[in-house]
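Per-chain numbering from 1; labels A, B, C and D assigned in written order.
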Amino acid sequence: MVTLNTRQKFYQVIFGTQTKAGQYFDIVLILAILCSELVLILSSLEGVATEFSNLLFVMEWFFTLLFTVEYIARLYCSPRPWAYAKSFYGVIDLIAILPSYIAFLFPGSNYLLIVRLIRVMRIFRILKLARFLKDSNILLRSLLMAQRKILVFFSTVAILVTVLGALLYAIEGPENGFTSIPASIYWAIVTITTVGYGDIVPQTDLGKTLAAFTMLLGYSILAVPTGIITAELSQEMKTQRDLIRCLNCATSGHEADANYCKKCGAELPQHP
Amino acid sequence: MVTLNTRQKFYQVIFGTQTKAGQYFDIVLILAILCSELVLILSSLEGVATEFSNLLFVMEWFFTLLFTVEYIARLYCSPRPWAYAKSFYGVIDLIAILPSYIAFLFPGSNYLLIVRLIRVMRIFRILKLARFLKDSNILLRSLLMAQRKILVFFSTVAILVTVLGALLYAIEGPENGFTSIPASIYWAIVTITTVGYGDIVPQTDLGKTLAAFTMLLGYSILAVPTGIITAELSQEMKTQRDLIRCLNCATSGHEADANYCKKCGAELPQHP
Amino acid sequence: MVTLNTRQKFYQVIFGTQTKAGQYFDIVLILAILCSELVLILSSLEGVATEFSNLLFVMEWFFTLLFTVEYIARLYCSPRPWAYAKSFYGVIDLIAILPSYIAFLFPGSNYLLIVRLIRVMRIFRILKLARFLKDSNILLRSLLMAQRKILVFFSTVAILVTVLGALLYAIEGPENGFTSIPASIYWAIVTITTVGYGDIVPQTDLGKTLAAFTMLLGYSILAVPTGIITAELSQEMKTQRDLIRCLNCATSGHEADANYCKKCGAELPQHP
Amino acid sequence: MVTLNTRQKFYQVIFGTQTKAGQYFDIVLILAILCSELVLILSSLEGVATEFSNLLFVMEWFFTLLFTVEYIARLYCSPRPWAYAKSFYGVIDLIAILPSYIAFLFPGSNYLLIVRLIRVMRIFRILKLARFLKDSNILLRSLLMAQRKILVFFSTVAILVTVLGALLYAIEGPENGFTSIPASIYWAIVTITTVGYGDIVPQTDLGKTLAAFTMLLGYSILAVPTGIITAELSQEMKTQRDLIRCLNCATSGHEADANYCKKCGAELPQHP
């Protein structure tokens, strides 16, 4: 019975975000992830890697052991350990620690260390913190509302990019850098998103004309996602404002970041 | 009488989108188009083209014959075959299959195979699928509403780009890469859309000053299409929301993706 | 008396846009300007210039004489010829024809022909056509309303660009392409507008960090003009919709491109 | 007693913006800062620096002495001189004059002159002028309202850029220009903001695919700040419009730049 209780407490701290301890655990974990990422980033710098190789080695193993303990703790306190191990974050958590051990057991497999980089994926846990903030809800909700419109938009862009890429491949050909249709589609995406690296550029007059057309078309087409998100966001903010209603005097229409009723000064209820 | 009936049924399936069979036909056709495009894209890759040349050849002819059958079926079941053959999609459908046959009859004319790329235009039929989605209607309608504003905007951009291109040609001249006025207009479009390839860049101080002015001007000017589309989209979404009215309790103002009335729970009518 | 009457009629046709004849004159003039521009653009192409030199010469003189006649006609029918000659368009109209004559009198001064390019400025007269369109009014009015906000915005951008350019000049120095502060400001504008030519790029780590900061800052800052124009445009479109009121049944709130009242079908009054 | 009065008057002029004299002082100061910046910018141009070295030297010392006098005056009239000296602008004001003196005392330390560039930071005082303008208030207030949403957005971008940079480093490696993870993060920022210098570009097929994904993702993600600012700006402008109420007839809803009531013609109260 006691063990179970400890387990449940652990579960609340490690997986939950409701208790103070759970929130502190999340913050400490995110700091640890950020630090371990910093170590990885620093060891990719040639100068640092040779000079501080010992320190980086120690740090690396410190974080590996820390994340191993965390992984075991998660398995231990989870009511269904197997379900956790198979979940998205379970796999990521395992991948985050495995490469260091494999590289230790088979010294030649340094190449595997690159997989450690996947540890960065764990950073996405930081987004769980974002849930504490009122504002990220509005952003997420309006993105979700716009989901299908954005899908329709991306399908259109995918078709356009294929057609334009294929046309440029036919016009310019491999001698002008458009070596294949996939390479030309890559060019079309670089152009239509206005990134414009300049590593592949049309050389013929017809190619340049079509490229100019692509840019202008792309620009108007790409105004659409901004329009979609703005429209949804305006609507969502209006809805939020109407949702908050003072429990004292029933006034609604408060600003998104208001904590007190603008009419009677009573504390406003938080967003659900 | 029976033949006519078969024809009409065929017509419903091949040209229509109302029946289940017609929708399945469209989906299968689009998958076939996408696969045939994939074959074309793969055969543009040098490595793949030499290794799998036989497989690609077979696939190519499989799709050519398939689209030939489809073309004949369309001609057969169409009430006015000649009108279909002369229509936009009729010509595209013919162009999609002709090059393979011509290349077969006149072996030297491999160059014509490039015309096969026009087959990608058939992908636009995929947009017929989009009509099933509620959201693409809103997008299309707001683009149509903004049509004339976008035209006015593009005329202004065309004039600006000509003037700026001509000025840069006069300032920089052919020795700095601005070989002709069309080339300079191409530069102006690359700059004003913020693509910025960097293949042509001003070298003189006056040219750079004017280029900086072009960028800032371009940026503010190009904020206009986003503004237009956002404003139309907001209006259209509001109109849509007001349009849907619950048949049970006559409440309007439902969210765009609502299926049930938020007041009485009755199923909402679909968009027209 | 008769001469005066002819003059006034001429004035109505040449300067006015109210009469049918005046509108036709404007359209013909704009076509002539566009054609003369096309001749200029074509003669900047090396291949065309040598092959069709005679034709281009004849065309050039045809348009020069045409615009000379137009200029004299404008002087003749204008109630205050001197005021017209000193006005912006009066000077442009003179500059548009002078270079050809000077090049004819002093054969060596071919360099002056470049000034002919200023003739492109006359294209802006095309914008007078735009006044016929309902939609360009809304665009112009919302740009005018946003005028001061855009000015405030551009002052901020000017300061930011100076500070960032000076910092990068101090960090990178002439050896990395940042040859002077003006050159660095040019780089900052190229970066902050997301054009990104790549002709000048930071090489040091500190420079790259600051460049990354510039991009992200620039991106958020440059979201502002879009926001300004969208907000003004939405407001203006709403105002326009409220302005049009059916003269028959007094219903307002019609769509921007509506010609008939949606309630009683009576023709709607046009925008003022 | 008299000294104190002079001091207070000085304080009103130098630090205040309420009196006419204070506003003139600010304008003169800003002009002096702009001129001293111009001198700095000009002396960074090689040609100008050698030809006008004497004039630039005199100008430089004129502005250094002027700003020294200003600094002493600020210290003198400030009620708490030490608090001013430690404040942000106090430090900037000191840094603006120190380098010239140090370079004079230790002739070899020309390198320190670069620190003079920090003087550009003083330009931000110009923003105090902006407070006179009604419109900059609306811009600032909507940016402040959007503050937290923009913070959430930038955190997401920071994570995305780290993950994408690390992935590209793993895929492309130092041989294709992705020399370290920070360099790859720099590339990711250049790509996601659509700047696209082209100094580092992916070479492998997998890298190009991921780059294309980065561009499209980045484009939709970066539509968010525009959406946020537009939505806040629309709301703020509406609020402003409702705030102004005619003191004569109590009509509200006037245009943002209206000076007189549209109903009764009485002068409108200014924004608070």
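As a convention for this text, a residue touches a chain if its C-beta (ideal position, glycine included) is under 8 Å from a C-beta of that chain, and two chains touch if they have at least 3 such contacts.
Chains and their UniProt names: A, B, C, D = Ion transporter.
All figures in this text were calculated on a predicted structure; none of them were measured in a lab.
Residues touching across the chain A-chain D interface largely differ between the two copies, under half of the numbers being common to both. The chain pair with more C-beta contacts between its two chains, of B-D and A-B, is A-B.
Relative to chain A, the most remote chain by averaged C-alpha coordinates is C.
Centre-to-centre spacing of chain B and chain D amounts to 42 Å, using the average Cα coordinate of each chain.
Mean C-alpha positions place chain A and chain B at a centre distance of 30 Å. Across the assembly, chain D contributes 182, 185, 194-198, 226, 228, 230, 234 as residues in contact with two or more other chains. Taken in their complex, chain D has these residues touching chain C: 37, 40-41, 44-46, 114, 117, 120-121, 123-124, 126-127, 130, 133-136, 138-139, 142-143, 150, 154, 157, 182-183, 185-186, 189-190, 193-199, 222, 225-226, 228-230, 232-234, 237, 255-257.
Across the interface of their complex, chain A is touched by residues 194-198, 226, 230 of chain C.
Those residues of chain B that touch chain C in the complex are listed here as 145, 148-149, 152-153, 155-156, 159, 162-163, 166-167, 169-170, 179-182, 185, 191, 194-198, 201, 205, 208-209, 211-212, 215-216, 218-220, 223-224, 226-228, 230-231, 234-235.
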